[in-house]
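In what comes next, subunit A is part of two complexes: it sits with subunit B in the first one and with subunit C in the second one.
Let's turn to the complex of A and B:
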């Protein structure tokens, strides 16, 4: 337990150090690529916080990403609202959390678990995307909303403006690091242990006095709030919001990032998101239609061969050698 | 009458066309130990499910310290001070022995017994870091009893605590319970006569969902009717 925590912190420190020195070697374009990948990494970590600890798969997590994005866009595009960036982020986080609370309340307290939960959340994602397309007077319909300003706010007399590549990269990297660290400290302590117990045997956990549905709900809401935050960051960096951001494709992609990076590790999904998006750009430059095919194959291989993700290769090799030594 | 902890009155339950339980009464006083026995299908587990509030009786009532507990959510019942050990050992397999006990303790309104003492009581001190899924069957049963104790119950309900245990483990479990007697009330549903004999307490015999006999175990054991039912003569 202690050794595992130490290893995690070590990997985290290495990643953080890489993130700090990266700007010295990268040009503006490369910085923005990694910045956007980090935002999706944060999104992947939010899904992992829920899926990894509860074992319940949400197949519509992009809905919360999209809700966060649309709220951020609507708030910052409205000139009547002062300090749009700050209020936009707060609105995006609470909006996503609010929707998750309502849907989650009925699902968790109604005893919906496992595949049924996955199917309902899948439908939720589709509904969100359709709403974004159909409600065109507010959401801009199919083409979405454009011209979303970069994040800018005043912090203790200092004006922070994230229209440049480097400041926006630093801002996103810092938020991602803090969020992953916070999610990790929640999920390794008492909260996470009880969630693991609920995943093992919910009835038993309840018979010991734990309010399992409430705990699952709070975890889901927190996960959705972080997804909403990622959505809000993304639309400001990209400058536009579109129905795709709450769509089925993104919901599927985020599941692949988490599965590839390693479910339940929080850091793995961030790395998975970065690596896969990098691969996507390279492969799509040869042939755009090749990517979905490869993505599907990678997902199937990961599920069958490495169900604990790429980070588990090291642990697997170690146990393999250990087993050999014992056999001798 | 203030020391009555659990009172089941005229409990009946019907599943479709099957009258599973009929007219059962049970009174458990504070710090009392009692057993419910009966042949397979007598309704022992069903009765226990009613006593823990998991099943709502179709007639009659179950009151714990004066509260009607039928239909309360499981965690609320646990927080009233009712602990339960399930028939199939249901520990948390992906957590260590220590974490299993911790999870149990965190659920309690006011845990008092330290983890180390619990582990000693269930003889698992040297397995603290072992994953519960890797324990032997008997050890899982003990761990589950330890988890039930961790919530500092007023009443401990045990559903076939010795199922699948070796004769030595069965007697060790009976000794463990006799040591705990006097700290809280215990109701054990059992199938194994040796275990009940070792406990030698107030016993309720069920047969086909009804009370057949009740009284101290040595009277029950001598009863011709009970012997007939157990031997399958009736």
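Let's turn to the complex of A and C:
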């Protein structure tokens, strides 16, 4: 096992341990805050899985989050559908994956990469939000849908009901941990290596026999599916769904979480999401319109000061000290 | 008959605006390979310039003069402060310009307050064309847009600065080799594109809802224009504008605007799949 993998697993274990002992010290409200932040962390990890491995930035990832959320809401609010929670999650994941598959097919097989892809996904996000607002007979328009029941299902004779704070926290934390671990093992294995090769030089990777568009498409679909899952979890925990969930601001925020946490680390974006949302709540309580302004500043600062995210400070300090020692 | 003419003129209005906004984008995105997500804010700044001039008692025409200047100032600052440092880092450019876009939007909102800003057109009333009656201001808008485009074509094809731009675009190293200051050429071209977008914002201000967030719709549509039309030629710009603007106007008659937007996006994606180099530039890659 290479050192980098060991370090990653070490950090993952520390985070998991913190997540396990956290409920012993936190009250119900604090649990729900971290629970919601973890859902967004899962969302950030899904974007990072695609962006970090392929180098292609998706600027409308909230569209998949929103699609997942709306499907979950519509399924669980419909009394005619049995086991709504389970079918809702399945529907949310497939729905997001399906949309990603259609868009991704045309773009990746059409040779669209880089900035072009970023822009088309940006427009996709804008349109998703507009559609959520204007299709009011289904989506509830501007005010969205309310009264979405918490997740409840039967598992092997045991009834799972996530209306309480602690069970829902455990459920979300477990899903986030498993998802991050799975994404990580995919991206460090052969699949990830090929993606890195495609990112470095697609023509060469294709010459070696790899079907680059197909690889990118499958990665994109998987990333969208997890984003849809995060959206579905969120609307059940929050109890409502609104057009903002597929909006440009959320797409923007998730990019900041990934960029601050460190692109390509999968764990960094989760931590970035949690940390930045804490900051957002504090700042928004002073003045709500201050937050987008600060967000804009964070973008510019990241690009010029910390292109590899906050975790890179450690690596930089290390190389600085190493350099000193070397000089001596 | 008058229905057809009205639809055509509506399409022409949208196409004119898209061409002006897309022009700056074609320069920065298509030719300099810079993805400027703050391009929509040049349009916003232009519209706000007209509003500001009118609100302190100036005429619309004075505002329309101020609009490209405001766009150029913002564009020039953006180029000097951010974009020129990031020519070799495309993803960083995307993030930084998006940050600037957010800062500009919130800055405008903090300065001018919430809510839509009223802008009155210079002339009310309609103009009697042989087939139909049409708002006079829209005809003026189309006229100004066409004249501007003609001016740009002449600038690029007939002046020595246009020659510099064409040289830098074809081969940057070679252009530097023959003594062209490529950094300066990029900066001027970028500022110029921003000024045209500002002018588009000023022109559209009496027709549109002037909000700090209005830019993003123009941004998305203008990018489609450039992507669908293909980069590198005025012909592509016109083809892309006609495709996006024409389709949007025709669909807007039948269905709700957001559904029309979605269909235009899908059509654009399919068009890109079929003609990767743009409608105008042949099918082969």
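The definition used in the following text is that the second predicted complex is superposed on the first by the 327 of 328 C-alpha atoms of A that agree within 3 Å, B and C clash if a C-alpha of one lies under 4 Å from a C-alpha of the other, contacts with A are read in each partner's own complex, and residues count from 1 in each chain.
Everything that follows uses one rule, which is that contacts are C-beta pairs under 8 Å (C-beta built on N, C-alpha and C of every residue); 3 or more make two chains touch, one makes a residue touch a chain.
Just so it is clear, the model here is predicted, and its values are computed rather than measured.
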Using the superposition on subunit A, decide if subunit B and subunit C clash or fit. fit
When the two structures are overlaid on chain A, which partner does A:210 contact: first (subunit B), second (subunit C), both, or neither? first
Can A:170 be said to touch subunit B (first), subunit C (second), both, or neither? neither
Name the contact category of A:201: first (subunit B only), second (subunit C only), both, or neither. first
Per-residue contact with subunit A, leading partner among subunit C and subunit B: C
Using the superposition on chain A described above, determine whether A:190 touches subunit B (first), subunit C (second), both, or neither. first
On the chain A superposition, what angle, as a multiple of 10 degrees, is formed at subunit A by the C-alpha centres of subunit B and subunit C? 70
Does the superposition put A:106 against subunit B (first), subunit C (second), both, or neither? second
Have a look at where A:302 lands relative to subunit B and subunit C in the superposition and call it first, second, both or neither. second
Contacts for A:16 in the overlay, against subunit B (first) and subunit C (second): which applies, first, second, both or neither? neither
So after superposition, what is the minimum Cα distance from subunit B to subunit C, given in Å? 10
Going by the contact definition given at the top, which residues of subunit A touch subunit B in one complex and subunit C in the other? none
Contact footprint of subunit A on subunit B as seen in their complex: 52, 73-75, 77-79, 83-84, 86, 90-96, 99-100, 102-104, 106-109, 129, 147, 150-151
Subunit C-touching residues of subunit A, taken from the complex the two chains share: 55, 57, 59, 103, 106-107, 109-112, 114-116, 118-120, 122-124, 126-127, 130-131, 133-135, 248, 252, 255, 259, 289-290, 292-293, 295-300, 302-304, 307
Residue ranges of subunit C touching subunit A (in the complex, touch as defined): 29, 33, 35, 37, 82, 85-86, 89-92, 94-96, 98-103, 105-107, 109-110, 216-217, 219-220, 223-224, 227, 256-259, 261-262, 265, 268-270, 272-274, 276, 285
Which of the residues in subunit A come into contact with subunit B in the complex? 1, 190, 193-194, 196-197, 199-201, 203-212
